[in-house]
Every structure is written in C-alpha cells, then in structure tokens.
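To start, I am sharing the structure in question, which I have written as structure tokens.
Think of it as A, B and C in the order they're written, each chain with its own count starting at 1.
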Amino acid sequence: MKGDYVFLYILVFLSLFFISIVFLLGFELYQGSSQIFSIYGINFILGSVWDPVKNIYGIAPIIVGSFLTCLIALILAVPISLLVAYFISDLTPAKLKPFVSSLVELLAAVPSVIYGLWGLLVLAPFLRSNVYLPLQKTFYFIPIFQGASTGYGILTAGIILAIMILPTITSIIREAIELLPLQIKEAAISLGAFRYQVARIIFIHLKLTIIAAIILGFARAFGEAMAVAMVIGGKHGFPVSIFDTGYTLPSIIVNEFTEAVNPLHYDALIAVGFILFIIALLNIVFARLLIYRSTRFFKLSIT
Amino acid sequence: MNAVSRILMVGIVVVIIVVAGVTYWYLSQTPTQATRIKISGAGSTFMAYFVQKAAYEYAQKYPVDIDYAPIGSGAGIQQFLAGTVDFGGSDAPLSTQQWQQAGDALHIPVIIGGVVIIYNIPDLPPNTHLNFTGQVLADIYLGKITKWNDPALVSLNSELKNINQPIIVVHRSDGSGTTYIFTQYLSLVSQEFAQKVGYGVSVNWPAPNKIGGKGNEGVAAQVKNNPYSIGYVEFTYAVKNNLLYGYLENPSTGEFVEPTVKTIAKTADYVSLSLPSGDKDWSSISIVKSFLELAKTNKNLSGAYPIVSFAYIIMHKELSKVPNMTKEKAKALVDFLKWLVTDAQQYAEPLYYVPLPQSVRNLDLQTLSMVTFNGSNL
Amino acid sequence: MRIPSLRRFYDLIFVSICVIAFILAMIPLAWILIEIIINGISAFSIQLLTNLPRPAGVPGGGIANYIQGTIILVAIASLIGFPFGLFIGVFLSEFKEHKLVPIVRFFVDVFAEFPSIVIGIFVYVILVRGEIFELFGVQSICIGAICLGPMGFSALAGSISLALLMIPIVSKSVEESLNLVPVSIKEAALALGMSRWRTVFSISISYARTGILLAYILALSRIAGEAAPLLLTVLGSYYWFSGLFDRIGALPLAIFTYGISPFEDLRAQAWVASLLLILAILFLNIGLKILIRRRFAW
C-alpha cells in the first residue's frame, strides 16, 4: 500500500542518515589526524615524548596509561562480576532478584562526573592514608612501590574504573546465565553437584560470553573520560611506580583539547580521538562477533 | 493498572509539571533576560578573579552579561583564533605566527599580577615562608632537586633540614599563561632549564614526581590536597586559599622579597616598557624578561618581586569576523573593556592584583578606539 | 563420609565468597550515596537553588542556572534524539526482512559503545568550529533566511551531542520492546487489511508504549549526567539561558569545574549539585522501574 512505501522510505532515509553520521565521524577524525600521521607516521604511537612547545607528539606513555588502568580495572572487576552474576542468578531467591539486580544496575546509573568527584575528594585521600602509605612502608624495598604516592594516579583510576564497569560485565554474564538451557544446570544438580561445581560448569559453557563481556568492559573502561581525568593526576611520561600519576587517551583530550594552541597540537589531539575511535570500534566488533557466534538466540541489552 | 501504579503515574506527571513550572518561573524571574546582551569570553585563569568580579559589578549596572570561562590562556588563544568566543584572555601574548594568523588581533593589557610559589609541608610551623632562588626553583622543576632536605634548599631554609620527603611537583595540565610566565622566568635564570625545557604555555616537565592541575585553581587544589608538594600560581589564588607562598630572591639586590601587591607593583614600575600600539605584535613583551635584563646591570632595584606579568584580553579589531557578532554586542564589548581598564581597576588591589599605570590605560583606550564593526567605528 | 563433607566445605566457602563479592560490589555504591547525601545536605540552602553563581569567596552564590541548563539541554536533546531513535528502533524491529537492517543494527551497536568524548570532539569539529562547512567550501549553508554556520560554543551544539548519544540507547530499547509484541496481534491487524505503517503505529507501538516510555526516560537519565561532550560543545556559563546559540551551564559541568577547584564553598556546591543530579536520576530509574514492573511480569 502507498503509505507503506512512504513509511519505508522515511525509515530507510533516517537509517542511512544515521549511518552517514557515523561515517562522517570517522572521516572527520581521520582527516583531522592525517596531518599528524603524515608527519610522524608510526612514531606517533611509539614515541614517548609529548611536548607541545617543541611540537613533538608521541603517545606511547598515554597508551600505556590507558592499558594499565583498564587492566587494573579488569583484574579487579571480572572476578567480582562473575561471582556477583552467579550470586544474583542462582543464589538469590526469585522474589528478591529484581531488587538485587536493580542495586547492581544503580552502579551503572551514577554519572561518571560523580564518580570523579567522589574519587577526587573522598577515595583518593582515603586510599593514600589507609592503603598506599602503609603499602609503601612495608614494601619500600620493591622498586615498583617507590616514589611519591599522592592518592591520585593510575591505581586509583583503575579502582574507580573497576567500580564503573562492574555492572556492565555483571549484567551481560547474568543474562547469559539465565538464558542457558535449564537442562545443563538440572543435569549437574541431578548428578549431585554442589553449587560451586554448578557454577564452574556454567562458566565453562559461557566461556565465549565471558570473553565478550570482558572485551566490552574493557571498551567501556578505555573510553571513560571524566572520572579518570579527575583522579589520574596528569603526567606525561611512563609510570614508574604503581602509585604514579599518568594519562589515558580520553583524559588527555579532556585536559588539553579546548586549548591546543598550535594547529599541530590540535591535530595531535584529534589523532588521539581517532585512535580511541578505532580501538572502540575493534573492541565492539570483536565482542559482538563473539556474542553472535556463541548464542544465536540471545537478545542482550547492555546498559 | 492497579492503584499503586496509578498513583505513581500521577505522581510523576505532577513532578514533571512542577519542574516545568519552576523552570518557567526561573525564566520569568529576570524579565529583561531577553534584552540583556550576552558576551562570551574565555581564557586565562590568572586574571579570572579580576574579570569575574568586574563582570559581576558591570552586570549590576548595565544589561550586559560578560560570560568569562576560565579555561586557561592556551584555550583562550585557541578559541579566539577559532572564532568560537567573542574575546580571549591570556597572560601570554600571541606569538608572531599566531598574531599573523589572526590578522587583526588587538592586545589589551587589563591587569598586572604576580606568580608565586606555593607549597604544602605539614611538618613546618604555621606561617613559615620559605626562601627560594631562581636557580633552586629551576632545579626542582628540572628534577635535579628531588627532596625537601636537599642541601641547596636547606642552605636557604634551615627548617627543612629534617624533612626527608620527596618533593611533589605540581604543574599546569592545561595550556597556561601562568606556565608561560613561570617558565620564561626559569629559562632566564637557568641555562639548563632553557635548554632542556624552554618556555611556553605548555611544556614537558622533567621532574619525576609530578601532578597536573587544571587551571590556577587546579594547581592550588593539588597543592592543598598533597602534602610535600610545590606549585606555582597567580598570587590571588595563594591568598584566597590560605596557601603558604615563598619569598623569592631579587636578582638585582640579592634580597628575598615577599610577594605583595606593593612589591609586584614595584617591579612593574622599575621596568619602563616601551609598549607597542595595541594592534602590533606583542610577542616579545614581557615584564619578567625586562626586569631580569635590567637587574643584570642595575643593582638598586630593591623591594621588587621578580615574577610579574600583564594579563591581556585579545580580540579582533574588526569584530564582524566573530561569528554571531552584532553591532550591539560589539559596542557593548568595547564599552565594557573601556570600563575594565579604567573604573574597574579599583577592584584590582583588594583582589591582590596591581592596577594598570596610567600610561597603559591610555594606550588601551587608544587601542579600543580602533575597534570597528563592518568598518564603522564604535 | 569425608569426601562429601569436604565438598560441602568447599561449597560453603564458595557461597561465602559470592556473598562477599556482592557486598564488595555494594560498598562503593553505599559509600558514594552516603557521601553525596551527607555533603550535599550539609551544604544545602534554598539560596543555592535560586541564585546565580558568584565568584569564589563571594557569599550567596548558587547553582540555579546549572539546573535550568541541564533541563533545557536534556529537553532539546530528547526532542531531537527520541524521534530519531524511535524510528530506527521501529525499522530494526518491524522490518527485519529489509537488507539494510543488519547493517544498521551493527552501526547502532557500535555507536552505543563509543566513548562520549569522541562524540564531543565530533560535534565540536563539525558544528562549533564549523569545519563541515569548510568541507563544502562555504561559510554557511542557507535555506532561504535560515542560515546554519559555525555556531561557536552553544546550547544547540550541546543538545545535538547529547541527542547523538541518546539515539542508540533509545533505538535498542525500542527495538527490544517492539520485539515483545506478540506476532499474532500484528498478523491479526495485517489480516484485517491494515497497512503496515498503521500496524506499527496503532498496534505495535501502542502495545509496547510502556516499554518505549521507559526507554525514553532511561535515556534521559543517562544523558543528564554526561559531562564530557558538554565540555567541548558548551563550555559552561555563569548566567541564565539566553538563547540556543549562546553558552549554557549544566549540572555535570558544574560538578566537574567546582570539584577540581580548591575552594571549599565551590566544592560544597559541587556536592549539592551531585545530590540533585543523583536524586533526579534515581527518581527516573527506580520510580519508573517500579511502574513498569506492575505492567509486565518481568
């Protein structure tokens, strides 16, 4: 019918418009950074000096900072997420389940500036007095523990990121657990398996989903800008101790973007955005591929 | 729908209506909101106290709202060049290349201020002001002096003898005119610093334990938050935050001078700068540089605090170059600036700045008379 | 029987670890909420809600314009973003046979996970700086008397960046809600001779209207807290809203700017702003979830 054609055309048009926005985004970032890449080539990524005065731009320490914070976040968040996911799906009575899972989702509802404010004014000083300084006093002979610890830096940022990605990973795993065919759990229980054995079996079945969840959690942590910018301390250079300050790719954009005075500095920051774009793209593609592959009938909504 | 969810629905609708009503009330609270002129500026945090106080006072008198966002001199210059703001604020003058890029940029010095060294050492008795020399500061920021009880520091301040703590060096993480002034000073007092680091709105700091702060207030906050840290801020920020600041060695007389409005003003007085016309290249103008040059030969410049600078407002001469500019806005901007460099100077001293000398005010008024909109004078 | 009791022991340990993990996960949540409530309430005053910001140290400053700014930005963003997201969601759910659908779904998924700061850069480059216009070699694009040009830091640019963030969120939720509509109902309508587009609007959307409303409100709560894109597109303001092409203030921006400042009074205002923001978000999230749970047996 006529109205249908019109309707379909409108929908297709809007969808194409949307896709073109995504392409435009990629294109603008690419174009803005082409200058930098033609000058520096691969040295942009491998170089370790970021000096806007001398116009030398290398983001290796920043990439290291990004990876370190995300690694710390994953190490802290993944085990807890797995346990919490199992806890919610199998150990919580059905009546309490919506309530308990809402609690975990609340963690995701807190805006990242508020995480940053809390991290800056509450967590960092707390960690400094109660965790970092005592750690430094007892392990002062290990080089990686030396250096000034201010409470701000890579470790604190990693901890906050862990809190932020926990709900993401938990909700993916939890939905996956609940969508597993019941026979698997029933078979295990009928053979006399205890809960920890059931959990192990479930997780073995969900290997691919777990990897996908980790990748998505990593992507979320990698792209986090505000909370990290407020606690990372802003240092250009490789971190020398675990308490050291540093930079991550998004936080350097927060700090330097509106004021990149010379055009090359501006281009360099757009190039950082471009790299973020590419890494985010790769992460999501991998994660989606894994999810589609392992579960053709899943319908996952990720907060 | 059962009773509870009906109540919830109604409740939500009521809340939305209340919120909408309150918003409307806000909007209607200022009946002349629509007729007030809004001018957008951004830049230096160095002069933020002064500009924001002036804007606040001006808004009580005239229907003009000057919205000044203190995001750093680097951002001020950047956004000015990009045309996203009506004027930029910066303590670093435009470089020759930037000035050429802008085409018709005007430099309008609006205030004079000093950069002081702040620190946070809990072990010291309250109100202990430490002495610093330029060389020692350069070495700290170069990373050559890393502990508070370093002999070089102890020779200036015996109280530091027992403080065996690493110095946490706080610097600006954003593009900063204050950094420009400070690194210019450090480059002039230390060859090594000039070679290794240089000066600019954003430099590569070699010191090991460092933290970046966003804006002058960010540096002040970081020094406050971190024991055993040192930082550099515009004088007002040190006072307003009850932070201890150091006495700096006067290279002319060798005395250690306390930063006060008077000593900062003295430096500006001693240096008789021949300032170019507002529409020319100002990249080589620097009170710090001129003072240190003078101090090499003249050993009688007592009572002068060395690190002093102008803060500039940078704008286009032909204001139609700024997108969304109207003749009304342009006139309002020029009127505000004329007021800023004359009547508003009364707000300088209470805020720990130094008001402009008469000669500079006259120069500014002359510069402002050059501003045009679509060719016609304002 | 030793072996079963050993396993029982392991089991007990495992369950305890799970409980501990859950408690560990809840500690930060409780801590943050407690800090916000304590700090926010202790610094609260009606003045804060009615006054404009004053320079630091000057008493009587307020956050009124930030509240207004957030409401305006979110309202305009949802005006742009919601219809867009709705239509894309409809497309993905009701027209699955179309070849374009898997591609669009892929792009929506990808866009949903983008760091918000990258979207901020995008809007900055395209609209604030206006480089898209340079791309086409014109100063501005005019349709009759309405001209679009580089708009500088502006409320409109901020709203557009928030709308972009909103589109994938709305689209995915709408798609999910529409997928829950029983096919039989749609088929019944089609069998009675209703055109497809009428089916979509009168039947599917109305059946799923609670889910769609929920999607809208959840998306609102998500973008209300975003600061990164606003930092690059709006730059913040100390005055009331004065026009779409002027700068505007917003609560998340104020929290960021005041939070990193050294002034106790500004930091206190940051806590109050956080309190207001989180109350609004909690209200939207929880209040509406309760509502929805009554409708569907989730």
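Note that in this section contacts are C-beta pairs under 8 Å (C-beta built on N, C-alpha and C of every residue); 3 or more make two chains touch, one makes a residue touch a chain.
Model, not experiment: these values are computed from the prediction.
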item: Pair of chains whose C-beta contact count is the highest in the structure; value: A-C
item: Taking each chain's C-alpha mean as its centre, the one farthest from subunit C; value: B
item: Distance from the mean Cα position of subunit C to that of subunit B, given in whole angstrom; value: 35
item: Separation of subunit A from subunit C, taking each centre as the mean of its C-alpha atoms, in whole Å; value: 18
item: Sequence positions of subunit C contacting 2 or more other chains; value: 235, 260
item: Residues of subunit A engaged with two or more neighbouring chains; value: 258
item: Multi-partner residues of subunit B (each touching 2 or more other chains); value: 42, 71, 79, 213-214
item: List of subunit B residues in touch with subunit C within their complex; value: 1-2, 4-5, 8-9, 11-12, 15, 19, 23, 26-27, 30, 33-34, 36, 38, 40, 42, 49, 52-53, 56, 65, 67-69, 71, 79, 82-85, 213-215, 217-218, 220-221, 224, 237, 240-241, 323-324
item: Contact set on subunit A toward subunit B in their complex; value: 49-54, 124-125, 147-148, 150-152, 233-236, 240, 245, 255-256, 258-262, 265-266
item: Residues on subunit C engaged by subunit A in the complex (per definition of touch); value: 7-8, 10-11, 13-15, 17-19, 21-22, 24-26, 28-29, 31-32, 35-36, 84, 87-88, 90-91, 95, 98, 100, 103-104, 106-119, 121-122, 124-126, 131-132, 164, 167, 172-173, 176, 179, 195-198, 200, 221, 224-228, 231-232, 235, 252, 255-256, 259-260, 267, 270-271, 274, 277-278, 281-282, 285-286, 289, 293, 298
item: Partner subunit A, residues of subunit B touching it in the complex; value: 42, 71-79, 81, 98, 166, 168, 173-175, 197-205, 208-214, 222, 225-226, 228-229
item: Subunit C-touching residues of subunit A, taken from the complex the two chains share; value: 1, 3-4, 6-8, 10-12, 14-16, 18-19, 21-22, 24-25, 28-29, 32, 79-80, 83-84, 86-88, 91, 98, 100, 102-107, 109-118, 120-122, 163, 166, 170, 194-197, 199, 216, 219-220, 222-226, 230, 250, 253-254, 257-258, 270, 273, 276-277, 280-281, 283-285, 288, 299, 301-302
